[in-house]
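Okay, so chain A shows up in both of these, paired with chain B first and chain C after.
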Partner chain A sequence: MLKYKKQKRNDLMFVTAVILPITLLFAFIRFVPIAQSLITSFYQKNLVLRTQVFIGIDNYKFLLGDQFFIKSLSNTMFVTLFATLFSVSIGLLLASVVNSVQNQFVRLGQAILFLPVVISMVPATLIWKYIFDYNFGLLNHISGLIGIPKSNWLNDPNLTRWAVIIISTWKEIGYNMMIFLVGLKAIPRELYESASLDGAGKWHKFWSVTFPQLKPITLFVIIVETIKFVKVFTQAIVLTTGSQSSGEIFYTMVYYLYQTGFHLRQIGLASAASIILLLLVMLLTWIQMVITKER
Partner chain B sequence: MKKFLTVILALAMVSALFAGGASEQKEDIVLTFWTSTAEAVDWYTNVVTPAFKVKHPEVKDVEITFTSIEDFNKKLPIVIPSGEAPDLMEMEDSWAPQFITAGYISPNSDRLNNVVAKLKPSLQMAIEHNGKKYGVPAMLIHEFMYYNKTMFDAAGIKEFPNTMDELLEVAQKLTKRDAAGNVDISGFSMRLGGNPNGTFQKFWVLALLSNGVEMVEESKTTPGKFHCGFDNEAGYNALKLYIDMLYGYKVDDFNSMKDSEAFAAGKTAINMRESQSIQTILELGPNLDWRSAPMPIGKSGKRATFEIALNLYVPASTKEVNKPYAESFIETALEQKVQEEMVRKAFCLSPLAGFNHVGLIDPRAEVGYTFPDDMVVYSVPIHNAYDAAATRVGNALPSIFKDASLYNNPEGIRKQVSYLAKLVNDAYKEYGEYAE
Partner chain C sequence: MKRNRMMYERFDLFSILGIILFITLVLLSLFPLLWMLVTSFKTLEETHSIPPAIWPNSLFIDNYLNIFSDKFFPRYFLNSVIISVLITVVAVGSSVLMGYVFAKFEFPGKKLLFWAILATIMIPEEAYVVPLYQTVSSLKLTNSYLGIILPSIISSFGVFYMKQNMESVPNELLEAAKIDGSGNLNTFVKVVVPLQISSISVLSLLLFLIAWSDYLWPLIVVSKQRMYVLEIGLTYLQNQYYIDWGFVMAGCVIAMAPVFILFLIARNYVMEGIAMTGIKG
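Presenting the complex of A and B:
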């Protein structure tokens, strides 16, 4: 017994010694910048001039009253909610279709659906920008053919947010489809056979067998996508800046951070915004985990 | 023993992450140069660099990196303080103050000041901070009007309007709409959004300067400190001009094609832009019949334009061995023949005193390159807070322009002017450059 305990202690020491250096490195890379941002958020600090004055929570107070920050927060939450909803549900739907039909065309379809995932966001958004263009865009051309008036996707903020959602969703459905496909293939066939014997139809099987079995994967996908969409930046900026833009830039939290920190050089204020963003992501993740917790 | 070796291996692998090579061999001289002026890249690459290399065959290469102006402005505050600045960089005069104040750009050496001595007197003063000179202007850009002569002739308009009021009437006459009532060809292409600094810059020259006011004015009680210069009747007229153009004269709207691309495509009758826009017009609209004109006379009774200097700086972090080469590159860029090529290729003005641009530029642009006697030429104030203030105003302007309720609404316009003034004053307060 004593020998066993000694062996176990030795094993533990060995494992600790091996993983400790990389864990420390990971913690240094991950947590030190967050801690530094937290500290900086209590200062009025200029990125270039390096002036630094302790101002307590004044940065946070400013943000809560700043119309551009509120707009960024509102836009980000709107895009995150709907882009997550659409990308997850469409991804699941596509995975179900692919899983139920097994032929080479479906495999080709899978590859095509996955293509947006591997395309860089900037060129992809530029192409979409041309599609959404008011004067020359494909969407307005098609809608014009069927008698629908042109829509100002890029200059009307109420429409621009949907343009951002469409691009974000399009970019992610392939990835979500593949993740759900893995989960679907892991569900034991016996469960479906059992449900069939009980007289369950397709929808009943989906809600009673498939969906519960996919819960852990669904939670994973929702959390991953939420984190991705909360960081929405590229598609919003590429769509709404440039010489042909005549609307407001589509403000998102990350754009606000970017402009505040690197253009306005107020690194203290940008740090405060980044801490709020971090807390927001943690809150959303916690809510999702609570909602999907097994009872 | 096996476990011991495994631990050692793991530690060695982690240590390898921090390993760096050190070379003892003699380094080749490579000069790194950054620019954000797309039109000048060809000139730097194919004119300045060859001329420089003739003088310095020992220089292996001049690595020229172009970054778009919006990204360049955000890149510099990260790379310069971190010591990753290039040996030489070109940037707008208004960007430099913070880097100068923080000590990232050193005062000019005697060699560079000898180059500065050949430049226009106004520029020699513009680059002075606390009695010392920083940087060397290599190109100048200014704003003027381009107009579509074909459209003017078709409408029977023989000359470009002389005053802002005449401009509005002409632009209104030349505006064409589609069946849905949207602007198809704008009478005047307005900058209504996009990059905030660009949005502000156009508002500054078309609206503020034509009404005789600037974004800031110096405090009478505390010289060297500033406050908003347009929180007054002239500022009201400036914002009213934009609102009237959109909702009164309706010379443009938010959906039409904009800017130089629109002008080259024949989708706008009049475009206000910097001189480099000529390159876009020649590329995209080679058959376009266009002319240039100076800025019209505003309510101030004078014409107004800005002149922005694109300056060359040798950062303080430049290696001592590279500094003489960086300074020589600057000398080369300011030689007479090299400047003549700059005007031909980059379409900018030369900062050299007494430089004659006639014959070097497209004849159609010559009118735009001349400054009439009643033209007031403004420079961007060299303040630490200026860029931040301009960005904030530029952020706010698009939503103000979109507010149709401001048309025929003096109280509403005054309220917005006060709001914009607060943004300017707040920015100057943050940098300690504010006083009533």
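Presenting the complex of A and C:
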């Protein structure tokens, strides 16, 4: 009995020693800052002028009327839409090929397709920045060979967004392929066999068996990619800053947040922008959870 | 019979088209990385020639020599290593401990705390960097290792992941250790951790890769060049007036090397880690 009590006390000490400091850390660098973000978004707070005035939802009103914010919002949406579309559909295509042919060359190819996923975004973007370079880039050279005039990929926001989409797609197809492969492997063989008995060809099998079976995982991949791409920032800033030969700044939501918060030092406004981003991500996560539950 | 043969041929055509597509996309994926490698051996004249020189005239290694003798670059590399290792060690350690306690002990408020931590998984770093920067700045921690690692030394996902894995540790084993008179810390180190080596490895690799590629927070919190990490330092290899691409690409090769090596020796762990979370990217 005495021993049992001692054991209880030891457990309590162990649990307290683990939970207490780590929970405080969570509070200090997660819970509190998140709450502060929300609160600050209702204040006009400028670090340079050192002012702090409660202004209600004026920051949000300002954002929705600010052409730069609207621009960054539309740039982000554009990139998210197409990068998700391309990376998910190419990932699915590749996964179906890999799933039907299994040999060591295919496995090597799989590993190569995964390389862009593991490398970090800054060097990845720098490589592409050279390829997109107006004067010395390979892309303009190749398009020149087939008679297309040089394009100013990094100076024209309408083209820069395609550059960002290409980099993002390149970096994500390996990831999507792998998730789809997991989904494809989970489809019961019997479904294909009974489809074969019904005389279904390969294309027909894809539409009648594979596609419906993959629907939940496709939705999952779409949401995961959307959440990644609404936070697009590194590609945009590295492509368009750093040298005079870099072009016109390409604003995304996170870029806007970074610019207003850390260059213009308008903390209240930046917080409001971050809350809008947060709401967007939470909405997407919620959709993802509903879908996952249905599975 | 004839019908069967036709189906077989159709199957073949699809396979061939599929394989051609696969090979094309593999080459397209690989090409930028090869181009980086080739470019890193080119002179300034070669990278700035029109049309671009596809292959360097000779094996020009000055870019690498310049990178290594750069006033700051070796320091960026060292900073990245120190920061990523510190983050990985602390974040994995705290995740493993928290996961174990959540899985195997009862205490008041456990459910609430677990859900609060779980909820922060979905909250992106971007949503709270502004107030966090103010806190770090008021503590005078900008331009310090502690300030750079601070937001990443705990991982909500890590806690969640380790809790899931710790559930599989058999209770009988823990009871037996208890009866043998083993203290909680001793049981944790000698029984629990060895059982979880593979999940701990997966988490470590994942958190290291995330730390290695972190860009936004170091960009905000560091202003002194000697405290830059590689991700920031690489962008400063671009000259104000022109970009020496061979030099920049050599820097990129060096910055990617540790990640490549990790991927080569532990591909399955890396892929498993990244697949589970979808965090990185």
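As a working rule, the second predicted complex is superposed on the first by the 240 of 295 C-alpha atoms of A that agree within 3 Å, B and C clash if a C-alpha of one lies under 4 Å from a C-alpha of the other, contacts with A are read in each partner's own complex, and residues count from 1 in each chain.
As a convention for this text, contacts are C-beta pairs under 8 Å (C-beta built on N, C-alpha and C of every residue); 3 or more make two chains touch, one makes a residue touch a chain.
Values in this document were obtained by computation on a predicted structure and should not be read as measured data.
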Message = For A:N152 in the superposed arrangement: first (chain B), second (chain C), both or neither?
response = first
Of the two partners chain B and chain C, more of chain A gets touched by chain C
Checklist line | Touching partner for A:Q44 - first (chain B), second (chain C), both, neither | finding: first
### Message
Touch test for A:Y134: chain B only (first), chain C only (second), both, or neither?
### Response
first
| said: Looking at A:L25 after the superposition, I want to know if it touches chain B, chain C, both of them or none. Which is it: first, second, both, neither? | reply: both
- Message: Quick check on the superposed pair: does A:V118 touch chain B, chain C, both, or neither? Answer first, second, both or neither.
- Response: second
Q.
Touch test for A:F14: chain B only (first), chain C only (second), both, or neither?
A. both
Classify the contacts of A:M178 with the two partner chains as first (chain B alone), second (chain C alone), both, or neither. second
Touching A:L278, do we find chain B (first), chain C (second), both, or neither?
second
Query = Touching A:G242, do we find chain B (first), chain C (second), both, or neither?
reply = both
Residue overlap on chain A between the chain B interface and the chain C interface 10, 14, 18, 22, 25, 47, 135, 241-246, 258, 262
In their shared complex, chain C is touched by residues of chain A numbered 7, 10-15, 18-19, 22-23, 25-26, 28-34, 36-37, 40, 47, 90, 93-94, 96-98, 100-101, 106, 109, 111-124, 126-128, 130-131, 133, 135-138, 141, 170-175, 178-179, 182, 201-203, 224, 227-228, 231, 233-234, 238, 241-246, 254, 257-258, 261-262, 267, 270-271, 274-275, 277-278, 281-282, 285
So, in the complex, the side of chain A touching chain B is made of residues 10, 14, 17-18, 21-22, 25, 44, 46-50, 68, 134-135, 149-150, 152, 155, 240-249, 258-259, 262-266
In the complex, the residues of chain B that touch chain A are 3, 6-7, 10-11, 14, 17, 70, 73-74, 77-78, 80-81, 98-99, 101-102, 104, 180, 182, 190-196, 254-261, 384, 387-388, 391-392, 395, 398-399, 402, 430-431
Listed in rising order, chain C residues that touch chain A in their complex are 7, 10-11, 14-15, 18-19, 21-23, 25-26, 28-30, 32-33, 35-36, 39, 47-52, 94, 97-98, 100-101, 105, 107, 113, 116-117, 120, 122-124, 126-135, 150-151, 153-154, 156, 178, 183-185, 209, 212-213, 215-216, 219-220, 230-232, 234-236, 238-243, 245, 248-249, 251-252, 255-256, 259-260, 262-263, 267, 270-271, 274-275, 278, 280-281
